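Common to both upcoming complexes is chain A, partnered first by chain B, then by chain C.
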Partner chain A sequence: MKCKEGTAVLIIRVNDAFCRSCFKEYFIHKFRAMLGKNRVIFPQEKVLLAVSGGTASCSMLSQVQEGLSREAPKKLRFVPGIIYIDDGGACGRSAEERQRSNALLKSIFTETGFTYFIVSLEQVFSLPTSVLVPGTSDPDPSNPSYKQAVDQYIKEKQTLTEENVASAVAQLNIEDSAYSPEHKLALERLFSSMKTLTAKEDMLQTLRQHLILHIARENGYSKVMMGDSCSRLAVKLLSNIALGRGAALASDTGFSDPRYGDVVIVRPMRDYSSKEIAFYSRMFNVPSVFISGLDTKTHDKASIQRLTESFVTNLQFDFPSTVSTIYRTSEKLHTVMPPQSQTAEPASKCLLCLCTLDTKVDKASAFHATLVSEQLSQIKLQDPSLDAPAQSAEQCCTEGQGCGPGGCCSSNRLPSHQDLKTLLCYSCRLTIKDMVATNTLPPYIITEAEKRQKRSQMKMEISEYLLEDDEEDGGTAAL
Partner chain B sequence: MPVQCSNCVQRRAVLKRPKTGHSLCKDCFFWAFEEEIHQTIVSAGLFNRGETVAIGASGGKDSTVLAHVMKVLNERYDYGLSLLLLSVDEGITGYRDDSLETVKRNQQQYELPLKIVSYEELYGWTMDAIVKQVGLKNNCTFCGVFRRQALDRGAMMLKVDKICTGHNADDVAETVLMNVLRGDIARLCRCTSISTASDGEGAIPRCKPLKYAYEKEIVLYAYFKKLDYFSTECIYSPNAYRGHARAFLKDLESIRPSSIIDVIHSSETLSIKEGVKMPVQGTCSRCGYISSQALCKSCVLLEGLNRGLPKLGIGKHHRLHGKILAQEPLTEQEEKKLKPVNCNCRL
Partner chain C sequence: MVTSMRRSFNATLKCQPEMFPRVRKRGGAELLFDGVKNHHVTLPGQSDPWDMKQLLAWIRGNMLKERPELFMQGDTVRPGILVLINDADWELMGELEYQLQDQDNIVFISTLHGG
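Presenting the complex of A and B:
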């Protein structure tokens, strides 16, 4: 249809017929246009590519490879690294299967020549709590705007030699797929304490994000590229609505996700439908590895995510514009960012997903209605925090907040559901509600939760002496 | 071993609440259900003292329960409202005429005055005639648009201050999902408000006191209270797009019962980017009703029906609206686009 001379080999979107070379051109062009239109990737920036082994992320990898190669008319200008997270422990795969898929992926990664990290999900149990604190993203004063940064780079490029670039790429590749057996057990316990598959998938997603974030921060990567396709994102949008994540819809499905502060998540593949990606990887032999996940081979109603996927796919069959309509809808949303103030407490963000908390109980809202129903259906408890596990902890700590970090009761103290709930956004609360034992959560989450609890208790005690921000400003201005 | 009610602990529980999963006895359930609606009304400030409120009554379970609960709460908490029933006759044989009988019985049971307005007298068309012209696919659009205007016109005739409808949590959640699937941003941000905006003349505010009540709980309430209602689906509904959203929602509910409220919560907390084009509210130049275009939707639909071009309101033909307003004849090509598709699938 485009060049009108080659024979068409495939049809996209009902009536666009492409020949092989036009399709390749179209595919590559889309990728670059996506990156170029949203000018978030600066030259010489370190970008981490999150690869899951599936066709979409492997196509993304091959696009990046193509873009960085010499022959490309306009080279892409960033320094890539690859990360793969082996979540076999959560999905119940055996050790040999994991070894096999790790080896396959390793061969794919070494071919590309980029730095790669193969990390197993069990590492989550040795993460520091800094993962849960969003970093600041003060703009580097030397590159204020995209255009200036690009101009500067082009000028500097004259002095850069080939060797410099090559050595920067051949760095230490980390393959950290070894994991200790106690972490493996801990992971299994965590996932078996989740009662529903929906909660399991949600938790897996959260833990994966945290791990990627940690690796990115440790190694100086300021951007992470995820390979979510249009169809995948449409399903994600609908299932997030069903999970109650309306406030974070724009960050979860938009092009760039700034909620972590210093590390920005971008989704350059969001314009590609899964059909296009499948055709491309088939026709141009993109190497990929199929790795079964939590919801492989489950029936339609096993979890909310799985149900949404089958619903959208079926609807797409009857109404071919469904996915693109949902995609358009997601483009029109945005996340309300509260005004950044110097003394903004990190506690105003959800503990697990790091979005702004959306649980301010507005008088006439669905959340308020839920609370009212809970109250009316139960006999009035004296004080909801006086259930058994917290009671012992309370007795232990009533004297002072001065329990040391590794002190008297941190081993006995289980964060009860009630404590955790106040620190979480609406949908993370639902996930935790499905958990039987919250003490199976990785230690970094538990310690961060306790820290925030203590801080909010402290704040409550001294609240009458704290001056609000605007009062302070008003005071100094008057002077 | 019989389970005890989780609220009063004395009586035996007879049902399990779909909303929270607690087991309750009959009286505690009634009390909880009515109390929640009371909380909704009070916290959203839906009514003021001394107002006249019309209850949209179709004879189905939602409006029957709504009428009953409004009467009970009005007396119990002394809202000071005067209530009356308003019903719309769309002219669907085998469905609407039966349900209207139920409404007449309700009128006697609750001792509330009743007014019935019909499509025939307002527009000159019944739904049966419309379906004969339009076919089975897009008729819900006609029915919905006409009914809304019919409710408003009936309310104006009765000089009421507010209208309340029996939309429940499932309805609102379905609407949210449908609007996402259809990409209708404007409706998406409007559909979760519990009452419509009440600016300007001619617009009587409409509210949904049952917005946070699950459909299953409404049925449970009606069942245990032995309320009289009509429970058949509209005969034209199986082909509606809404059916897909409804099936999806029912499946979601079976996986996680709180998803209905979760969907409503998501829609309340999402926000639209600035710079997205939103329709501005104005008035229709022909009938004076509120509208975001030059002609309100029902005038467009009626025009299409009267001229034998039923697809006029379906799909985007805004440029033709100007022509219609000026009473110009349409060209041959434009007429062809708007003629009905020859549908051979008569029931």
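Presenting the complex of A and C:
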């Protein structure tokens, strides 16, 4: 054992025993080292901490508090805010339970003195479509490098008084946990139209991300910290592969996730196993609130995510290096950038998860093979009567005058599964496939889907008139 | 919310005096015990000292309200549930072979929930 004087209270990784004070130091040091190694958080940057109430995110919160309270120069240097998303509507919790956990969390957040946002998931129904468009990150050449930024900050520190900043920011606490009954109903309908728990969990995750992104953008936060621990990320890695998200693995499980452009997701807790976090929060009394989720008390095979979790946890029991092996493997993953020609427009993104679409590939790919086999297996099941509603909608359109302003059709013709599929990546397609009715999706998704479809249709129509930039001999087609 | 539940029954002294360990649940494990987080339990006296294995079997028989497979797996706790004996990792104390002392504090923390 390291210090040889205290009594060991904890064993990590088979051989490392720690006494209480050594463990505390080790825990704190790891957090700072993780932030220091990946120099993505600049001084005075606004960082949103996504807290779910669980031990990992509350430990993250306490580490941030701890880091901000120390004396300079080792002090952490960003401006934190806290966000909590109340997803009780999707998980089937009663209104009293939600209010109770909201109140408990509110008391924890006010203790910290940071700005906090308590938002209910029902707010998803009033999001704008801009959430689905990745923002541009700032390629400003005048942006200093990390080291320069830090030096600059230290010089300016004499003039900047921390108290002013803190008090101004503290005014902005938002507790938007109220939700309208229509939204609540709409959310319940959305989740009950999903047939499998896997799809529900996936959709919940997506909607949560969108909401966090929206709040971050609205309030000027350029980074979001998530509390995913090492164990949780190992499970996420394997279950994402099973879900078909292999193409986005690097950003889903890496330290930083830049897919949203202007807002970067970071995961500073990814080096901590769940045992370390549980011990730390127990020994040093980190306040946390237990909130049951979608997969509480479900059996092992209820969803892909749940199955993977029990697989990894059981394997870890017999082979204690399982989680760290998976974790090390995930560190080696990088996203392959497709070779970009100058004329190529930015790669199109999935409508829901905003990762690069992995479905626009050649005919000789595995993906295409799955499509073909799907079509073949469905040919017999196609019922001619199912085509009738689609046809009647089209007829209405072709008649022209019957439509009126705004078009009765554009509001009735909800995006069918087929329409949405072209805009989604492989795993989001599977999630949507599990939905009985796509019209239960929140309006911002439906509107954005329609817009993109119209745009691609229009593009197809005028494609023959578009000049290709690399045609040197002046496009005879245009003449 | 922390509540304490005292269970007592008429004590008859035997060779081994009764044990009064305190058993607590955290991290969501309390859901399997009717939401009660803290229990003061009185274990009936017996000739051999109680060890963790027997305690677990006793808990399964007497305190677990539902879904035993979410708490235990075979003779031991399910992987993912941490056990602390007097605020120390039970792996340092011998896990299932640890012999209980009077007034021991035992905490079960589920790590499978929360994040």
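Please note the rule applied: the second predicted complex is superposed on the first by the 406 of 479 C-alpha atoms of A that agree within 3 Å, B and C clash if a C-alpha of one lies under 4 Å from a C-alpha of the other, contacts with A are read in each partner's own complex, and residues count from 1 in each chain.
We adopt the following convention: a contact is a pair of C-beta atoms (placed from the backbone, for glycine too) under 8 Å apart; a residue touches a chain by one contact, two chains touch by 3 or more.
None of these values were measured; they are calculated from a predicted model.
K.L.:
Should chain B and chain C be called a clash or a fit once both complexes are overlaid on chain A?
P.N.:
Once chain A is superposed (C-alpha atoms), there is room for both chain B and chain C without a clash.
K.L.:
I'd like to know which partner A:Glu309 touches here: chain B for first, chain C for second, both or neither.
P.N.:
In the superposition, A:Glu309 touches chain C alone.
K.L.:
In the overlaid three-chain picture, which partner chain does A:Ser427 touch, first (chain B) or second (chain C), both, or neither?
P.N.:
First partner only, chain B.
K.L.:
Which partner does A:Ile241 contact after superposing on A: first (chain B), second (chain C), both, neither?
P.N.:
first
K.L.:
For the overlaid structures, how many degrees, to the nearest 10, lie between chain B and chain C at the C-alpha centre of chain A?
P.N.:
If I round to tens, I get 80 degrees.
K.L.:
Which partner, chain B or chain C, is in contact with more residues of chain A?
P.N.:
B
K.L.:
Can A:Thr55 be said to touch chain B (first), chain C (second), both, or neither?
P.N.:
second
K.L.:
Is A:Lys275 in contact with chain B, with chain C, with both, or with neither (first, second, both, neither)?
P.N.:
After superposition on chain A, A:Lys275 lies in contact with chain C alone.
K.L.:
Identify the partner contact of A:Phe284: answer first if only chain B is touched, second if only chain C is, both if each is, neither if none is.
P.N.:
neither
K.L.:
Compute the least Cα distance separating chain B from chain C in the superposition and give it as a whole number of Å.
P.N.:
Result, nearest C-alpha distance in the overlay: 16 Å.
K.L.:
Write out the stretch or stretches of chain A touching chain B in their complex.
P.N.:
Those residues of chain A that touch chain B are 196, 198, 237-238, 240-247, 249-250, 300-301, 303-304, 307-308, 311, 315, 322, 325-326, 328-329, 332-336, 358, 363-370, 372-374, 376-379, 426-427, 430.
K.L.:
Write out the stretch or stretches of chain A touching chain C in their complex.
P.N.:
Those in contact with chain C are residues 7-11, 17, 52-57, 227-229, 231-232, 274-275, 277-279, 282-283, 288, 290, 292-293, 296-297, 309, 313-314, 316-317.
K.L.:
Inside the complex, what are the residues of chain B that reach chain A?
P.N.:
Where chain B meets chain A, its residues are 6-9, 17, 19-20, 22, 24, 31-32, 35-36, 39-40, 43-45, 176-177, 180-183, 185, 188, 194, 212, 244, 248, 251-252, 254-256, 258-259, 261-274, 276.
K.L.:
So in the complex, which bits of chain C are touching chain A?
P.N.:
Within the complex, chain C contacts chain A at residues 26-28, 30-31, 67, 70, 79-80, 82, 84, 87-89, 91-92, 107, 109, 111-115.
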